[in-house]
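Have a look at this one before I ask anything.
Just so it is clear, A, B, C, D and E label the chains in written order, and each chain counts residues from 1 on its own.
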Amino acid sequence: MGKITLKHVNKSFGDVAVIPDINLSIEDGEFVVFVGPSGCGKSTLLRLIAGLEDVTSGQIDIDGTDATYLPPAKRGLAMVFQSYALYPHMTVRKNIAFPLKMAGLPEDEQEKKVQNAARILNLTNYLDRRPGQLSGGQRQRVAIGRAIVREPAAFLFDEPLSNLDAALRVTMRQEITELHQSLKTTMIYVTHDQVEAMTMADKIVVLNAGNIEQVGSPLELYHRPANLFVAGFIGSPKMNLIAGAAAQAQGATTIGVRPEHLDITDSGPWRGVVGLTEHLGSDTFLKVTLDSGEALTVRAGGEVALRHGDRIALAPQAGKIHRFDADGKAMA
Amino acid sequence: MGKITLKHVNKSFGDVAVIPDINLSIEDGEFVVFVGPSGCGKSTLLRLIAGLEDVTSGQIDIDGTDATYLPPAKRGLAMVFQSYALYPHMTVRKNIAFPLKMAGLPEDEQEKKVQNAARILNLTNYLDRRPGQLSGGQRQRVAIGRAIVREPAAFLFDEPLSNLDAALRVTMRQEITELHQSLKTTMIYVTHDQVEAMTMADKIVVLNAGNIEQVGSPLELYHRPANLFVAGFIGSPKMNLIAGAAAQAQGATTIGVRPEHLDITDSGPWRGVVGLTEHLGSDTFLKVTLDSGEALTVRAGGEVALRHGDRIALAPQAGKIHRFDADGKAMA
Amino acid sequence: ETTITVATVNNGDMIRMQGLMDDFNAKHPDITVEWVTLEENVLRQNVTTDIATGGGQYDVLTIGTYEVPIWGKQGWLTSLNDLPAEYDVDDLLPAIRGGLTVDGNLYAAPFYGESSMVMYRTDLMEAAGLTMPEAPTWADIEKAAAAMTNKDAGIYGVCLRGKAGWGENMAFLTAMSNSFGARWFDENWNPQFDQPEWKATLDFYLNLMNNYGPPGASNNGFNENLTLFNQGKCGMWIDATVAASFVTGKDSTVADKVGFALAPDNGLGKRGNWLWAWSLAIPSSSDAPDAAKTFINWATSKGYLELVASKEGWANVPPGTRTSLYENPEYQKVPFAKMTLDSINAADPTNPTVKPVPYVGVQFVAIPEFQGLGTTVGEIFSAALAGQKTADEALAEAQTAVADEMKAAGYIQ
Amino acid sequence: MSTHSSRLAARIMVAPSVVLLFIWMAVPLAMTLYYSFRLYRLLSPDRTGWVGFNNYLWFFNSPEFWLALWNTLALVGGVLVVTVVLGILIALLIDQPVKGQGLLRILVIAPFFVMPPVAASIWENLFMHPQNGLFAALARGFGAQPILFLENHPMLSVIGIVSWEWLPFATLILLTSLQSLSSEQLEAAEMDGASAFNRLRHIILPHMTRAITVVILIQTIFLLGIFGEIFTTTQGGPGSASTTLPYMIFKQAIAAKDIGRAAAGGIIAVILANIVAYFLMRGIGRHLDA
Amino acid sequence: MARAVSPRRRMFTTIAAWSVALIIFFPVLWMILTSFKTEASAVASPPELFSADWTVENYVEVWSRSDYPRFFWNSVVISLGSTLLGLAIAIPAAWAMAFVPGRRTKDLLMWMLSTKMMPAVAVMIPLYLLFLRLGLIDTRIGLVLALMLMNLPIIVWMLYTYFKEIPGEILEAARMDGASLPKEILYVLTPIALPGIASTLLLNVILAWNEAFWTIVLTTTKAAPLSAFIASFSAPQGLFYAKLSAASTLAIAPILILGWFSQKQLVRGLTFGAVK
């Protein structure tokens, strides 16, 4: 139903090769998350898969057949645009019903599906408004609604939850996960949210400047980042990277320790001074400047008594040190 | 310089009172964060303060003088729009320089400030592009750049970081915090991100359906939510709320315990079965269905060995139980 | 059942005919008449295009004395020689009939005819202590113009056509030049604008207009002058005889103070009046020539004149076509009837000028090239009136332009 | 946006227009080109034949040709300046929320409803006429001599009349373009401290550039062919003072009935129009796709 | 979205806008007033703003003199027919050029406009002959075709500008939602571009309505529209301004009504809220 394969896909805008050469295979029913820094080509990749943009070279297969030159409408995919792209002249109801109308569903079934989507998305009271009368989050929900009413071969989501509040986001996250579990439809999902990436993905694809840095399950990436880029990108706050003596001591050019893998113990080998403290309630993040000059972030419990200027000692947890060679590659 | 007071401000769109009656005072130099569910009126409130929307009734003072009918240009505020509102026909450079040009700055100073902002925002390579050629996150950064190059009486940010990746988001968060510290300019900041709200705010304003539910420092809200709404809204994953017998045992209608305040111990009073587990790497969230039927979320360490179907017992940490009366108000 | 399409100009007499169609329809129920009524310029453009390309859109054309000889010669028109006896061809005014006949074939039946004459303000003449002779000379005109002009009161002694165009200022000036002994061409088609007669004509005209004419006269045509005259701003106006009924009509503020005189002369034997007849003709491309002929017979017959007289009174009968009309005692009661007849009789299209010419036409030269030539020369003379050129410059320019065209057209080497 | 399939679709979508317009252009153009080398006078059908470039030469040798060229450009330029400048101002004005906006807009576009010959006739006789015109009456009311518009300022008068006719066209296109300006952009500019003038200069006008370009190009093409108004008002005069190239062609086609010359004039006009269009495209064409 | 403007400014703009509109409209108003005057007072000097004797006699005469309804109906068929046909052909073309621009798009646009560069009088005879051979003289279909082709470049150009201002992503969304190209254009593009389409329609109907050269050259009786009607009232012998004004007023009255409906479609910001 929804197996998607990219073979040597290249995409350039004029002279700029936004995506130099990508090979990727997405299995039927998989939930794949694309992450990567802003501007790395995630939306472009999605648009290539959708058929909204032509590949400069390479091939895209959907379900084993070459779809490289198939028009978007024929690919049977549903998409949530990063910019929403709502139909400004239609009410929310009509916006959501549009794909159903295009598929030729009878009116009453359209209405039933719309009502259902609106309920999930908390939009029931807004069905008769136009996009111009909605808040940013409401617009985003309409965009999601338009995608989920259908039964496409695959869903493409471009940062669908970025304008929603935490509570709704959690709800929506679960809704989408449930949707995935019940439909078993392939989903490709772009997000900047670590929690979304970690919890929803079967497979995370880390992109950097149009290249794939690593593909793997969330925990694989968390525990065994293939290189410095992935190490720094996955996990928030990001992994502490230490070069110099401490690294050489481990036989590596750089070593990395995640903030949550640093314990504050008087016996710790690394000593330093507490700088900024960030209180999230549930946790506290401490910036610690080591005597060797390195700045580390440490995650501590919600109620630590440490203050700016306090001296502490840190110990990395056993087996939680990542080692990287001079090329930034992870060492076994 | 930037004290803003709202007195009995009301805003209706047609029949719908989006903001029924708000009183709020923002001190000069304060960093205030507005949070609340999507559609609760955050953007509207910002637009009222900016003067882009007329109050239906009530008064807005800026620096002690009545600014209710002052046009936006005269209020001396800078704003980042949720929808970016970039000038499509100008390059990034010109977009950012626009407020400076309007203020009549000499070209070379404009260029210097633009370069500086571009550096902070990682936009240096994109200065000659038009907004249409940028990714979503790049556009958002341009919008931020346009606000921060000026020296306004106050900044209004409407979800400025929602489309940025985690790493950049952390950087930008720090940049804005530093900007605030160095300029001491009032900032009003709308966000859905709990981390941003908790770490950046001097004061968080929790809005719900156009009403203020609670105003307070981040930790105040975390530790002493005034009511069920705030309790549920602040903190992620959200606080577990338990009614029924367990609550009555505490003399309350509802009690609340945050996921991070539940320990998994065999001696725990609440017993249940593990359902879904979400692995974030740094943490694992467990959904536990108690024997009494309540579903709780529990935060556990990154590497718990529990699986779907395991039976466990939970104990709330001492003093971390929130009690609410029948009206949802917090009890002392 | 035949349908014929009749193209007509939108003047009052033609419009009136459309209102009287019941009579025709009653007599000829098998013929349906469709009208195309257009303004003169547009009509001429459409009709010319149609006939020259053999379009065959029309069955009856309304054309003037300028077109008939040219088109007749081309064989574009159906001869009307076989009109029934009761039509009484011999009753047509000879001057008019002559202009519509080519090589003995009558190619069009005149619907109404007109000439030009002097209209003047009796009250102003009286105040100036002058009287207008029945047949004034140009000197009389100048004297009267000088006497009547009172620019402060907004009264100008004489209003003449100044608007450029072969049917506007050139109609007037060509007719006027006849009385000065000038001609467009000599017998060998050599243009004559370099001759003293033309110089005299133009000098006189410019002098008259500059001293006694209204400002902005280079844009005044028939309609503009009519308006001015009706508003009492002109002492004299030399123009078409048809104007007589307008300046004495209900829209005129000077209706009861207008006198008429023959167009002026210079004692050379020709008067400065013209001759024009709107006539009905059948293009040879018509597919219903018989029905068309039936219609023309009806529209230009004596019976039609009586029909108009019975419905609208004698004053509204189309003038200038039939001798019998002017012999009718009822019609003789109509004011300026006689003046119209005299004016028409004073023009002779086949022998229009003092010196001999190779062409037919009083205020035009009936050759295909004349419209273009008239337009060009009209512009030059209009510019002279506007003060952009002197008379000499204008004449020299006209001479060159016309000579070039005549060469191009192969009349002269 | 542009993908293989959409490009294919695009080609199919433009095809009908292109094919129809090609036929519409090519056939008459070919015929005109053919006639332009022929002796073809409607009223002298017996005299025909090839004349080489004579018809063209007639134009180049005509004493009024260069003046006519200049007048043509003056007419186009003058009307463009008036309509675009006033069009922008009026579009801005009637875009404001004012009472009776609907009726107001109708009034502003009303001149476009009047057929050009009628419009010219009204202006000539009811306004510019030195004795009966409203302007003359006004001038006399102020104790001044009436201006002889058509005699002393023929080109200006024609430009004035044509501008009045075309102002609604410009206004309406510019107004519609104004409608699509997102209000948030204006709000952002306002927040950025832009004064009303600066918003106009930096946001509104740039937004309207494409519409302005279109107004200029479309009007240029129309204005390059205008002759009716001139015929009704000044007859190209006095003399040749207000003769334009199309009016010269008009005289050849309608008065002189010389189809060969008119055709040659038509070809010259097409060349002139192409030259003008070329410079316009070089000057402002880049705004089309931005 | 609306921010109230201060009453004083509102009043100022109202006065300014109305003054400008009235100045522009004045000649038309004058024409309408003239149509109710007698011929004499129509040219009275000094001009009479309000005639002493109002009359509808001009209308009576104009009406009785020719078959106004037939001319009117021909005008409606020809102008609406040519414009609607033109829109049907031009909307796809403009879609293509606005949303799938290629390197040649600008040239193509320019070329389309260049088909209008030939002065009408210069091609009068060629086109007349062409129409004659095709049997299209004096047929409505002939005029519909001619005017459609004459205005097609204008329609394409105007639509192109309006389409260019619509974010392409909205159309992409429709494509993703399974809309075929015709549906994308019908359900999404057209309604969003409605203000532009309305003004295109209005302007081109007027252009066709007012076309006074070809409509007269190519018709005689059956297909003659109001331009021919008008041409039968201008410049005959005798005073005619009042009658001409009456005829013109009759000719513009129907199109005023169309104008009224079209301008209502010119509403602001249809794209508002569509994209970030």
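Criterion: contacts are C-beta pairs under 8 Å (C-beta built on N, C-alpha and C of every residue); 3 or more make two chains touch, one makes a residue touch a chain.
Please read these numbers as outputs of a predicted model, since none were measured by experiment.
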Which of C-D and D-E has more C-beta contact pairs: D-E
Greatest separation from subunit A - chain, by CA centre: C
Middle chain, criterion being Cα centroid separation: E
Longest centre-to-centre distance from subunit B, chain (CA-based): C
Gap in Å, rounded to a whole number, between the CA centres of subunit C and subunit B: 91
Subunit B and subunit D, separation of their C-alpha mean positions in angstrom: 57
Length of the line joining the C-alpha centres of subunit A and subunit B, rounded to whole Å: 20
CA centroid of subunit A to CA centroid of subunit E, Å: 53
Contacts with two or more other chains, residues of subunit C listed in rising order: 41, 45, 49, 53, 227, 231, 233
Two or more partner chains touched - positions in subunit B: 52, 82-83, 136
Sites on subunit E at which at least two other chains make contact: 1-2, 43-45, 124-125, 129, 172, 231, 234-235, 269-272, 275-276
Residue ranges of subunit D in contact with subunit C within the complex: 41-47, 54, 58, 63, 124-125, 129-132, 146, 148, 150-152, 231, 233-241, 243, 251-252, 254-258
Subunit A contact footprint on subunit D (complex, rising order): 1-6, 9
Contacting residues of subunit D [partner subunit E, same complex]: 1-2, 6-7, 9-11, 13-14, 16-18, 20-21, 24-25, 27-29, 31-32, 35, 42, 90, 93-100, 102, 104-119, 121-123, 125-127, 131-134, 136-137, 140-141, 164, 167-169, 172-173, 175-177, 179-180, 182-183, 210-211, 214, 217-218, 221-222, 224-225, 227-228, 245-246, 249-250, 253-254, 259, 262-263, 265-267, 269-270, 273-274, 277, 281, 285, 288-289
Subunit B-touching residues of subunit D, taken from the complex the two chains share: 182, 184-185, 187-195, 198, 202-203, 206-207, 209, 290
For the subunit A and subunit D complex, residues of the former touching the latter: 51-54, 69-72
